[in-house]
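I am attaching a structure below and will ask some questions about it afterwards.
For reference, chains read A, B, C and D in written order, and residue numbers begin at 1 within each chain.
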Amino acid sequence: MHPEKQKHTFEPKIIAFVCTWCTYAGADLAGTSRMQYPSNVRVLKFPCTGRIDPVFILKAFQQGADGVLVSGCHPGDCHYIAGNFHARRRFAVFRKLLEFVGVDLNRLQFSWVSAAEGGKWVEVVTDLTEKVRSMGPMTEFKELALEEQWSGTIDTPELQEAYNAI
Amino acid sequence: MCDHTNKNIYLPYLATVEEVIDETPDVRTLKLVFQDEKVRDSFVFRAGQFGEYSAFGAGESTFCIASSPTRKGHIECCFRSVGRVTEELRRLEVGDTMGVRGPYGNSFPIEDFYGKNLVFVAGGIALPPLRTLIWNCLDLRDKFGDITIVYGARTESDLVYKRELQEWQERGDVRLVKTVDPGGNSPDWDGKVGFVPTVLEEAAPSAENSIALVCGPPIMIKFTLPVFERLGFTDEQVYTTLENRMKCGLGKCGRCNVGNVYVCKDGPVFTAKQVKAMPMEF
Amino acid sequence: MQKYISQHNLDTLLDTLIKRGIRVVAPRMNAGIPLYEPLGSSGEVVSDTLPRRSAKEAFFPVCEDIMSYKKEGQKVTITDIDPGRFPETVLFGVRPCDAAAIPVLDAVFSWDYKDEFFLERRKKTTIIGLACTAADDACFCTAVGLSPSASKGSDLFLTALEGGGYACDTCSEKGEALIANNQALFDGPSTSNPIPFAEPQTDTFDLTKVKAWLNDHFEDPLWDGIATRCVGCGACAFVCPACHCFDIVDEGTEKAGKRRKNWDACGFWKFTHHASGHNPRDLQPKRYRNRIMHKFKYYDDKFGQTLCTGCGRCVRICPVGIDIAAIVEEINKK
Amino acid sequence: MTSLIDTTIYSAITEAIRVEAARILSEGEVTAVVGYAAARRKGSAQPIVINTAADAGQLIFTPSCVNNLAVYLTKAKKEISKTGKIGIVVKGCDLKALVGLMGESQLKREDMYLIGVPCIGVLASTVQPATGLTAETIAPKCTECDAHLPQGCDFVPAQTPVVTKLEHKYAAEIARLEALTPAERWAYWKEQFTKCIKCYACRQVCPFCFCEQCLCDRNKPQMVDTTPRPAGNAAWHIVRAMHLAGRCAGCAECERVCPMDIPLNLLNRKMAMELKELYDYEAGFDVLDKGPLTMFTDKDDQSFIK
């Protein structure tokens, strides 16, 4: 009973950094309950949101992610007591930095999903995928990856083909 | 010197891993065959030269060419996996591709050793730079006097080339002195127990008409050179190879210098006399 | 035979070169800093201040690809960079201290192995030097045997004349070829005298005496005295016209990527750090000693030239005010 | 021509610092004093470490004394022997850095003898060392300084800094950038980061960059590209700003030493503003044993979390 999957022109690449105790379990629950959600999301499991370093989010965007989701236990549920409290502050500050540098914050979504909230996981992933799909590919980091210093550039065909491949 | 047909001196030759030999839990030897037919025949090197080995995606790393120049068609390299490149190399299996750039550096002046007695002293993973020379000499055995090999490591499992140590032990024309640091020996260890310099002093090879070749961590070299002096070896009779951080391997990138000596171009093989003339910066 | 070119003709020359598709690199303002960069039009040239980075960048780029690789299963295909595709370049407005450093670099880049990335760009570039008329107290080119009007390294050397226009002396066939191709823009020698050159106020160093001192003072309290201040950054090496050390690094994904050559500096702790943890130059005095030794002794031992042209960039840029001229002056007095 | 800022009190301060340094050295209270001395170029100054009372005469304080000497006391600087108490000449902004380091238990207050300096401003990096101090040539950080008279020092010369009100340069620039659209801000920062040549001067002079091995020097895993291409530069500067968030004391050394004049302190000032707004934290003179990002409350803002 798969819902009819329309052929979309742009399939966003979503990376999800999740904590293994709550959100991963929630995603697992969504799976075992046969809930459907877009397959654009690639899930990376971490012991805690406190372990999710802002440089991972930066690296995800650099390697071609169009949207990043960071999700973990609700405050108070953390297996390590204070992991998500620290993460909360860290991500609040990191968001401001990315915003100041010019990254569109709609591509970065944070959420608390507990092990029982399979539905909420599906909802968060679907919302983010549709939002990013409507925004189109994230070109900032992709174009930046092709920029060269003036002295090192030679007009290689590879460079040209890479430019128009974005 | 290597004759670079193509103009890009940083371009490696591609080679396929033919055989993987685990010497110790973290030291591995790879036997490589060049993929390009022409390179396989034209790649000529001398004992003591080194190469830059590429693990594509991780970078390049510098080790000596461990196989003997007398054995054609393939080369071997032996490395311990400590850094990013060596760990990537460790993941290679038989049939995988890696890059080799070289051969670089000077080499042991083997022609001057003809007719002389040879004393090889090596410690831990520093046997490969001497092993290429040992096999080179053993393949031309009659050209040399008697050959003594003193080789030691921290523990028995740290000894590399265990098969060949066995072979050398069984040969009649080689005197092998194996040792492990005190406490590193298992009950049925048939070699000596003690640090390489002390074992060397006991073996007491005669300095008369002989050449000493030393290779090991700087601490071992520091304690071995005085032993050779006490045994009567002059500084011109003792050769060693220096291991410095290298990137290009051909005298351009500026990081391997000890004083005004570029280890990659003017070395890595030096006499003790040259090493003593260098400032203490290696 | 000395020629003359007016300011207007010079601008026309640069514009025609740009139209012909030749990359004209000259000092221009980039967000408030003078830098050697490709020109859009001749109007952008700024010739009164010394650019913040040196002209070596036209031959020894801050970062360049030297190879690219693709991995499929067990096979790897590597593609070479074709030096033929380096752009034709005219390097205009080069100060004598920058131009003089370039032939010094020729020696190391053609020592036995020919580094085509450097040498091919050298072949494809014509260097138009410009006499220096403004020096500040950081400049010390006269102290290391150069002068504000030295044409060493330039193919064509312009000297600004009073009343506008430049006298130009050809110093190589490339210079002659450039004049031959644009015959109309050059006139006969002019009689007006040049605008007075700059005079850096440092007295000359006796470089052989400095080298002699360095020969037997590898261990000396002088190094500790200076280098306790040095914080170990790469700024002095990167802005220096003569520093040429580089790093080779692979960048890319599992499947494909590039091998890149980019600037490196002996001031960094990582420069000589072994994977085993051993570092022959672990403390900053040893690293800073290597910088002075390489410039005033090692390069002379190997290639018979001094690796410093007295441009003063490292003096201006050093975060902690380490002044190489003061150090060499102190050694000179010993 | 804007009026010269009166810096006559600096000569009296220089005298006071020399006397004090000579005293504490001769009495053996400190083993060394880190201060400023004149350099070769006219009007320029450089950091210096003196060990004997006789050398105290070399100490000066002028508008060219721009370095933050706190970097010499961190463990990143292995060359300076840390035996016994060390005297250090500190401006207000430098002292905030020292306070931050004490908060991160890198330094102990009893190991330092603080010679505070009543400071009315130092020169910007873009001017020649000998130029006079005016509203144009003053360092941008000094236009927003609230630490003209350092607190909690062992000795402060008796001079009182007379401060002229100046237009806050950073606040104005940050407001201008915040008014732009994200695409314009990205273009602005892309242009700035393209200029970076990865000389790491900003990291090496920063008192808070004392890691044994910086994230960017590690290659297992390679989180930040090492080559100075715009992609690697952008990642480096974003990571640097994030690692200094809630720690940076605003001494703006990173911006001063950048050979390419990249306005790096804008990133740090923006982070400081956000932390002030979010968690009411501000770098100051009293040692806090927990920085804003090493603690939490259960009432922290989480409006951005679904």
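Methods note: a contact is a pair of C-beta atoms (placed from the backbone, for glycine too) under 8 Å apart; a residue touches a chain by one contact, two chains touch by 3 or more.
Every value quoted in this text rests on a predicted model; they were computed, and no experiment measured them.
**Q** Work out the mean Cα position per chain and let me know which chain is farthest from chain D.
**A** B
**Q** Counting C-beta pairs in contact, which chain pair has more, A-C or A-D?
**A** Ranking A-C and A-D by C-beta contacts puts A-D first.
**Q** Would you mind pulling out the distance in Å between where the CA atoms of chain A average out and where those of chain C do?
**A** Taking the mean C-alpha position of each chain, the two centres sit 44 Å apart.
**Q** Rounded to the nearest whole Å, what is the centre-to-centre distance of chain A and chain B, using the mean of the C-alpha atoms as each centre?
**A** The answer is 49 Å.
**Q** Using Cα averages as centroids, what's the distance between chain A and chain D in whole Å?
**A** 35
**Q** Hey, how far is the Cα centre of chain B from the one of chain C, in Å?
**A** Taking the mean C-alpha position of each chain, the two centres sit 39 Å apart.
**Q** Going by the contact rule already set, what residues in chain D reach two or more other chains?
**A** In chain D, residues 228-229 touch at least two other chains, as defined above.
**Q** If you look at chain A, which of its residues touch at least two other chains?
**A** Correct list: 148-149, 152.
**Q** By residue number and range, which residues of chain B touch two or more other chains?
**A** Answer for chain B, listing residues that touch two or more other chains: 58-59, 83.
**Q** Can you work out from the touch definition every pair of chains that touches here?
**A** The set of touching chain pairs is A-C, A-D, B-C, B-D, C-D.
**Q** Write out the stretch or stretches of chain C touching chain A in their complex.
**A** Those in contact with chain A are residues 37-38, 57-58, 61-65, 68, 81, 85-87, 253.
**Q** Using the touch definition up top, name the residues of chain D that touch chain C in the complex.
**A** Listed in rising order, the residues are 39-42, 44-49, 67, 71-72, 77-80, 128, 191-192, 195, 197-201, 203-205, 217, 225-229, 232, 253, 256-257, 259-261.
**Q** Using the touch definition from the top, list the residues of chain B that touch chain C in their complex.
**A** Answer in residue numbers: 1, 4, 6-12, 14, 16, 54, 56-60, 82-83, 86, 95-99, 218, 243-245, 247-248, 250-255, 257-260, 262, 265, 279, 281-282.
**Q** Within their complex, state which residues of chain A touch chain D.
**A** 54-55, 58-59, 62, 75-76, 82, 85-86, 88-104, 109-112, 124, 140-141, 144-145, 147-149, 152
**Q** Would you tell me which residues of chain D are touching chain B in their complex?
**A** Listed in rising order, the residues of chain D that touch chain B are 219-220, 222.
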